[in-house]
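The chains carry the letters A, B, C, D, E and F, assigned in the order they are written, with residues numbered from 1 in each.
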């Protein structure tokens, strides 16, 4: 998040809300051991190997508690880090360091876990021209941070949410009564700057989507054979996204089928964290 | 969350905030395909086997969008569910069903993933009398939901945050200048209803914590041998918690060492989701 | 706004905020004259001829103050109304009627003013296939309501804001160093579901935008001759929007030039209100 | 708004809310073209002739996004400006300039439109001693800014809202059962620092208001003849305000009738904007 | 607070905020003892003699936690109550009763304490025609409730705050350079519906205030002799308020001096509570 | 409040909310008399003798309105002050001084009143080893400030609220069906870091609480004889708190009975303010 506008308008509030969740009244432990304000230093150290993402968010937690906080980072978002690496030193009021530690780490570890997971899959797609996409299966309230982490890992963002993209899924098609009718209604209703994407599960639905001139067709949970036929049928008349069960093992097969995009919910809903720790508090 | 007070004071706001994250202006797709309000029904189906948690939160998402929403649940929080099980039917305004689907599922899947993970570890501790605890390594802003999911899975909650428990960790002890001084300051400062817990890494620190009459001693990242010696040294004079690297493999060994509590950050920071889906929209 | 999802997530809060602006503590006048709660009825009457928009928002103001409020509307959004027409009867707690009157009317009159203005221009474009678009030149904080009013008047919505559409304007092009570079950066950065629009002022820029394969080209402040040349140059390779000085007089000329869209900021920044009044309070 | 207290307590929040309306997640276009933060300069130029109001609010939008923003203004609120005038230069982080431009201009143009309209009517009253007043017919949520703009244009403010003034209108009088009773209840109920104003439509009501010793009598929608009689009847025993259909043409007639105040809703509900533009972005 | 508009716009939010202060996550005790929701009944009993105020606010706390809550009140705001009186029965979800008890009582006791104190002073003024006024020396954030309690006790409200009344005090007069100049500036600046009040400490200042035609003159901390001279000097040309050291003993002397209003900060800043208790929980 | 973390996360928002309560739109008086911003100085002077608490909060009010505000304090929280003492000088923008004065004083006087009251009771307990505790009978929304003031006066804090401590009172015991059952449920449910406290009214209940191994027993409203028997019965097996009718007269008797803690609601619900004033505004 080196985007100062979004940070100002959205991220700072999330961070303060997270701090208030952890500290509804006071940090009793810190207030007990550190009754005078005193500047201190702590060191951020990697406990696992992976891709780091979220250093700016991590630091911002301390900065919001103490505007004199400073971070000297040895790495930057997107770098690979190894277990034991010293990643950064943070200097601030000692209370801000102690009170912000867990919230800052919770965010950094989660974002870095997503970036690490994304990078692993993106590397498997290297050279294929296929883009790896995230989904809306993000952690509620943290989407802006998680979609950023996907980018840091080399992935690309799908729409942000329900307001900025059209994606007609099974239940929408059921509500409209068919693919053609659903696309027609979307084209009539949506702001003209929107592309229209349809999720299909069968070749018949692919044909209906093509007839309706959908801009993007998402092949959902198809087996490899059907997917190949779908791609042949589409023949460049729409962009092709595939989703569902995107394991590392399957990705190499998908890359030969000719889809343009692979979307993967697990990037944001099931990545384990990348472990890091804040150590060696020294009073200055 | 069948706690109506917390739901009213805290959870509803989180759910509305999550919905606003996904729908900053309007749900374009749904508004396009469903221009008249119409009641509909969808079915919640399990795609994996595990323990379900969060049905009340899941339903509440729809209820907040449409006060006439109704859910007929076939299971309740804490039940084991199997792939393919029909879990619930939800009836509401069709737009509420379509617009709330992803937010509701994102929460239910995450909470159920935590409950499933917790249950697996708790089962390994069955019969030992050891309690499995969560930590503050939760997803920022969702702690209240995640700690509930841990309970549903059979775990117990550690303190909620920095305001309602004393836990003196390495950096606090460094700031105070030693274990004894840290405990003394905590006892002098904290509300008298607080128990005092100290995190220790060596047997020397165990002795210091005992001398300071800490109520709870947390053995952090100790190997099994050291941990045994620590438990012997403590000899019932304080409750014993152990943390760090709590894998399934290690848990059986820990259960023989004689600790009272095992805390496990991974329950909330690295559980994969439990997959479920909302299918079969029918207009009523 | 018969969109219950947006109303729940966004509009109700705006209405309450507007009521709090008008009533920071209490409605002194109403509390003075009406010390007992008593149900009453008032009548909404047109004082000008035009197109009505915002009846749901209007009524919602009273409903938020008194959940037993009821409205019997004689017209619906989009209808033409004439001076003197009885438009609706509202029944509610008499205090809610008195305290909500001005806020409710301020919104209804403003939205109806926009719809009336939009309808007048849309009628001039009748039969041409050209769509009339709104802009981001809306009243701050009321965009969701004003864009709805444009639709009620027969116009179409451009992007909602800066997050859901790409529009490269003069200052962006200056920052990027040229049209081609700006489009390339946008294509690389933006979520793949976005169309890319470029604002151009000269034929040279039109050529650059075409070379960069922009999806939409906006002809900004061009004279009619240049615009004709631009349309000929584009020759269907991109959608064409024109903006700037869209007076009633000019619209007929524009409709012969062959643009696809005409955008008009004045719809939302300079429409006078459509006057209405709430009369004939009767205690029930 | 050179009132730092109100700006801090009220206006900054409105501006941030307006920015969040326009940028619910990120400014995609700006983030695409300007990936490194870079200081830049833009120029504010008048496109119409009128009275400027809101420079402080305009600048504050940029300042809230970038605390190092600076504005060098060539004019000040209340000055007459002419088409083509260079009004100010703003220097700030380039992203803040691009992302804040529309919100800042939307506010400045609207406020200046109101000031321009107000000034035109105030000039017609020049030398008469009559004050031109605004009303509560303001844009919901922007009242504090619009009432300021009226002052900049030479008008005066009526009450801010329902909490800080007593104005007994037709529906209040109906609820109370008559002018005398309404005034009596208001005097008994309201804080003693309030003046009491009554809106009347007939000479009979004027007499009733005088009998009840109202402090201010508002003549609503009276024709000129009736208004003259009303003024004669009142004979200085109360202040006299007139409202309704205050066109430029009518104002000169009103000024001879002897009222103290003329209130005009159109100042805030129907003023067209005063057009300005931000041009010539230069990276520094 | 039987003012549904203010309750909806202001009071409910205060009550929820107060509940969140007391319950930042969950009511641990109640959740422990009452794991199933069950309807219950409690009884409100007076432990002291005085005037009750705030029953509606008291009940609203429970209603906000449980919309099925019901109160059967034996008394109404303004009634004298005696130690031991049963005041009301409340029925609701048992958890709502237990979790809301303290917040509801804290408010009711405080408001009743103010009403009791006010009534005692008002009774001393009985028959004199002098009104007892509150001040802005209220508990921050509870002003709307405390000013209501003053009314219930028979007092009257001064201005609500700094936005709805003009009161020129010593520091304002110092800033303006004198009483005359301060009043002149106020008359020029303030909305014309405001009365102008000046606080004076000497007879010279009284003369200046009269010369400036202040509407109200507040005699601040004057001794009785000076005050008599001031009242004689004013001779009906302005309303007269006196403030400072309004003890019960002094009030009888003040009532003979001829002031119109006596204002008393202690009503809201130093009234002890009126003790009440919620007893006899019965599960239904 | 020299706790920068709580101030940042909680107190600043309370102060801004309090300022907005007093100034819902603008400070009309100050804006009238001080139309140009000008730095000024005021002096804080004691009008009563007592213990000061809240200087940081007091100053923060001005700082939030003007970041250049400075305070030179002659005393610090906890100091005894005497009538007439000059306590501090504050320099800031003159408008910030005038507009913030009442809010700042309202808080400082209230907090100092609590500290003064607390100190008087604590002094009576001097040498007994008994700690004086506050309760949850605080002013709604100001608990964080009031509990701090109790500490400044030499008292200690009981739990902050319902989420961070277990206290089983009469109604909880009724809901559970008895003391033993209530304690058992609490121990099973609550986070393991909680101590469990039971409120008892009879010796039988004391025995039940002991049998249930409660950590703390609160003797509620017992007469001195019963209390002595209770203390003898408990015999060190639990901490003993007593509450109810803690007058100055009774405190000396209580101190001989052998309780560990005395809790006193009146500290926060019925302390009169400690009077101070801001005088001598000088423009700099």
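As a convention for this text, a residue touches a chain if its C-beta (ideal position, glycine included) is under 8 Å from a C-beta of that chain, and two chains touch if they have at least 3 such contacts.
Computed from a prediction, not measured in an experiment: that's the story for all the values here.
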Q) Which neighbours do subunit C and subunit D have in common? A) A, B, E, F
Q. Shared touching chains for subunit E and subunit F?
A. A, B, C, D
Q: Find the chain most remote from subunit E, comparing centres computed as mean CA coordinates.
A: A
Q: Look at interface C-D and say which pair in B-D, E-F or A-D is its repeat, using the rule that over half of the contact pairs are identical by residue number.
A: E-F
Q. Could the interface between the copies subunit C and subunit E be described as same, meaning over half of its residue numbers are common to both, or is it different?
A. different
Q.
From the centre of subunit B, which other chain's Cα mean sits the farthest off?
A. D
Q: Please report how many Å separate the Cα centroid of subunit B from that of subunit E, as a whole number.
A: 45
Q.
Can you work out the whole-Å distance between the CA centroids of subunit A and subunit B?
A. 22
Q: Identify all positions of subunit D at which a residue touches two or more other chains, and write them in rising order.
A: 23-27, 30-31, 99, 144, 160-161, 163-166, 191, 194
Q.
Testing understanding: with touching defined as stated, what is the shape of the graph linking the protein chains, line, ring, star, complete or other?
A. complete
Q. So in the complex, which bits of subunit A are touching subunit B?
A. 14, 17-18, 21-35, 40, 42, 94, 97-99, 101-103, 105-107, 109-110, 113, 136-144, 161-176, 182, 185-186, 188-191, 194, 266, 269-270, 272-273, 278-283
Q | Residue ranges of subunit B touching subunit D (in the complex, touch as defined) | A | 24-25
Q) In the complex of these two chains, what residues of subunit A are touching subunit F? A) 16, 19-20, 23-27, 30-31, 37, 64-66, 93, 95-96, 99
Q: Sort out for me which residues of subunit C touch subunit A in the complex.
A: 131, 133, 156-160, 163-166, 191-195, 197, 216, 239, 261
Q. Along subunit F, where are the residues that touch subunit A in the complex?
A. 2-6, 8-10, 144, 160-161, 163-164
